[in-house]
């Protein structure tokens, strides 16, 4: 049985550059259920990490508008003390770079134990140590007793990421946010870490937000996928739908630019991702990358359209999109 | 860690030897030699030369160095030309004075530096921080000797809160309470003057350590654990920032050495720095040599101490 | 004929220890690697971090000093070819991983691309400018860009400027060290397509170093898998992907996330199976130090690191 | 112009890394009002003291006039006279000029040597670096003030140049260490590796590729060193081991204040010199710090 864990409504996260605020996350709405992995894909600058930090309330100098309901409670607008009660307990996060995410001067055991001290103060020291050892074992680090006393620099990247995961799951969180958890790791380690995250999700029955730029990772892990471009969600759908029937031009282009079996030429997306300051705040943000599509195909204020149950696409341009080269045209949807 | 420390100590030995060679060669280059202080100026040149030969003063430099160095090891710093007494006797009381002055300075330096650095780093870019950085800013640009003069003028002469020279009021019984009190009183103004200038680098260092640590990623991890801001500060930021400060300690000695020369001159404080200047002016080079050597060794040991502290507090060096 | 032949290449880095900081041992970054590349082909060197793939590439071009072994280029020994040996040096060029750091930010595009020209060819200012402009055109940038600076370009464009610099003196062999791993997916495609285009045009040979099996599969004719400084398997792209023999290769191939979500379960089970096999037969594939054995041929093109039979 | 930024981190370009870095440093100074005022004031002081010193007769100023000892400020002597009846104002002008000259000279000598030392050690790394750093470590623990004083007192042919060289000899380590650590980072960057593969010589790479990339650090450090060197010179002169005798110097004027009578009652002798030293050091620092802030702010984001 899936319950709605997290509901984000019209979230807007803006950073100040010079005298103005620029939204890095612009009008994002989504939901996450328990025992579900929501994949968020996007290239650098798409706002996916800014979104993760917004949910955890980790931005120190950003303006956040909109609501983030966690089990009905709006965590975007609560006191720091209340938020701290949730963070590390109900909500937890796995970071991208395990090299910098751990305090270099603190023993591994103490770093994991800190989460327990904060949220389970009733635990005795002995219980706590037992639990930490159990956690180290749970994330499959060999020789827990030994690692407990070690410092981060003594561990490999993969092992450090396991420690970061152990910290995150210490209090059996209901919602786990993994921000590019395997980008800094080798592919064999990546496979192990991803399997671990999936198993933990099943065991804890939690909801997971998996942020990545790697379409393969999403295909393997996610139940539902949101594609982000320039601060917005451009398409969101159940994973099979998204990969088999992608609609938004960006999703399609992205999928075509990854090498697959028997592909001669990779698809190239024209132009570049606009910078935060230069981002058009009106009209379809992807329009400049597909100049061959008629301007009238785009909406003035593009919205998410529900094309089938659970499948949303932003802007009407999707129904007029085709790839400029002949060979790809056959696949394009709604040739005009 | 032990290997690191042993290796570090092994580096210290050639440093000290090199320092002594350098000083010895400098002494050779100095006008006049041990003889000029020993004999009557009216003795004829031939007699002098004979005496030189007899005393081994015409030997090649490395032989003379060997002799000098073996004397050093046995605590023989040579003879003062002017005072006709062993340099070690001359230096002893001065060294004790300078030691207390340095110690007082160090203590005051840290008493000022730690709270200011922490406040400035924690509340960076606030008015509090601006005033503290303003102080360090001006402190950096103020030469110690000017500041010392102004302090002497204001607190010594105008307000007359402190004595204006010497290390103790004459005529007091050594060891009595009044004696100790008077010593402390004489010490305080020069120590405060030196500390107020010296401390600015530590304040700034601590501040930038804290500001840097604040932006490190593991701080975000700590926040994501649900740690309150005060806990994040005390458990992560402060701890991580104070460790390098501890390692800074030994290097302070190097800074102190330069400072004592000025401060002792300004406040007429009979320490090693003052002795150094006096001896240079009197061309009493064996004393000069001894003072520089002692200060040099102190600086070398200070640097050694810093590195050892660092290796003890930083697990990245400790566990290798 | 093989344009590049590498024979038993070893690159060792000293490990310093003890009180006197003496060299007590070596990290065998590359430990006896042999291969040859045919003119016009793309040879992929794959491995995880620390496998020695980048060191191999750097040793070939002379950025690392070679401990032992031989590097032959066009039949000539270039193992320790000096900085002065310009005729040989200009035939081998390199494309770097990070387009943000591989171009000197203080130099104009003209000076960046002209650097090899100035070192190897005596051109007049006018000729040089023309050459640079035509190179920019080849890589699809406007010839007017010569007076711009690197920060005015995007990552993909910078990488293409790096390629223009590498092909300026018409080299025969290009060592591409993770040329797209710092780029976004959509930009990767652009650079990869472009590399393929100029390869055909200029009859270039690539030594393509990457950790990304998907890209290597797309780009390369032959592939070698490296692990801890040694080869574990070498063969044509089909050999490696359709018929992997070494357990490490299988492990690597099974770890690549499949882009089709329908294969998820299959992929997961495949991975579990390989993991089991890896655990069970580790000793059949690695020696007592955990290193790969010498290569044994299992077909004309396919070599696998296995203990010697018998 | 095509400015392409792929992510937030790259959106704010590091101007000190871009060609116009120096221009931007200059802009930063102009924008920073305090630094701008400091720079203008410094320029004025420099022009003024060099200009006036040109027309002043130094022999006239240092001639002892026993009939005008310790005169307070008057119309004849704007800032009074010292114990030898010498004009304070004239000494102040020439002293400032001398302090500035020495400051520049020492900064230049120690800077050039330190930069070359640091670049070479950092670029080559390994054994070269190790050996060079041992030398540097040794110099750094030497008691600087004292050794300079010893040298000054034994050098037979004592001139301003000799003094500058002695000071620089014990004063190049700071910048060398800084440049070396930067060069160590820089040489790992691919553009240096690229230059090697393109057949460019080491010398060219060090001075034409690496050095321009750390030019802002060099400028900032040299500026801050200038401030420090002005202070050190006046300190040494204060102790009597700075300029050759009879050369007017700010430190010498201040040294008169070691006489309690002068300190307490004859402010005109030492206060102007003290203020001048403070102002100069503060102004140079203001400029240097503004430059540093400009560099740091970009690096933190870039």
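Should a chain be cited, it is by its letter among A, B, C and D, assigned in written order, with residues numbered from 1 in that chain.
Quick note on the criterion: contacts are C-beta pairs under 8 Å (C-beta built on N, C-alpha and C of every residue); 3 or more make two chains touch, one makes a residue touch a chain.
In this text the structure is predicted, and so the values were computed from the model without any measurement.
Undergrad: If you take the chains that touch subunit A and keep only those that also touch subunit D, what is left?
TA: B, C
Undergrad: Grab the C-alpha centre of each chain and report whichever is closest to the global C-alpha centre.
TA: D
Undergrad: Could you quickly compare B-D and C-D and let me know which has more C-beta contacts?
TA: B-D
Undergrad: Once you find the CA centre of subunit B and the CA centre of subunit D, what distance in Å lies between them?
TA: Their C-alpha centroids are separated by 24 Å.
Undergrad: Just the number, please: Cα centre separation of subunit C and subunit D in whole Å.
TA: Whole-Å distance between the two chain centres: 48.
Undergrad: Averaging over Cα atoms per chain, report the distance between subunit A and subunit C in Å.
TA: Here subunit A and subunit C have centroids separated by 31 Å.
Undergrad: What's the distance between the Cα centroids of subunit B and subunit C, rounded to whole Å?
TA: Distance between chain centres, rounded to whole Å: 55 Å.
Undergrad: Multi-chain contacts only, two chains or more: what residues does subunit A have there?
TA: Correct list: 43-44, 272-273.
Undergrad: Which residues of subunit D are in contact with two or more other chains?
TA: Only 3-6 qualify.
Undergrad: Identify all positions of subunit C at which a residue touches two or more other chains, and write them in rising order.
TA: 154, 184
Undergrad: Which residues of subunit D touch subunit B in their complex?
TA: 134, 137-138, 140-147, 149-151, 153-154, 227, 231-232, 234-235, 238-241, 254, 257-258, 260, 263-264, 270, 274, 277-278, 281-282, 285, 289, 300
Undergrad: For the complex, give me every residue of subunit A touching subunit C.
TA: Touching subunit C from subunit A are residues 43-44, 157, 186-191, 194-195, 213-217, 219-220, 222, 239-240, 243, 253-255, 257-260, 263, 265-269, 272-273.
Undergrad: Looking at the complex, which residues from subunit D come into contact with subunit C?
TA: 1-6, 10, 13-14, 17-19, 21, 189-191, 193-201, 209, 212-213, 215
Undergrad: Which bits of subunit B are touching subunit A when the two form their complex?
TA: Those in contact with subunit A are residues 216-218, 220-229, 231, 235-236, 239-240, 243, 314-316, 319.
Undergrad: Quick check on the complex: what are the subunit C residues that touch subunit D?
TA: Against subunit D, the touching part of subunit C is residues 58, 61-63, 83, 86, 89-90, 92-94, 96-98, 100-108, 115-116, 119-120, 149, 151-155, 157, 162, 165, 184, 187.
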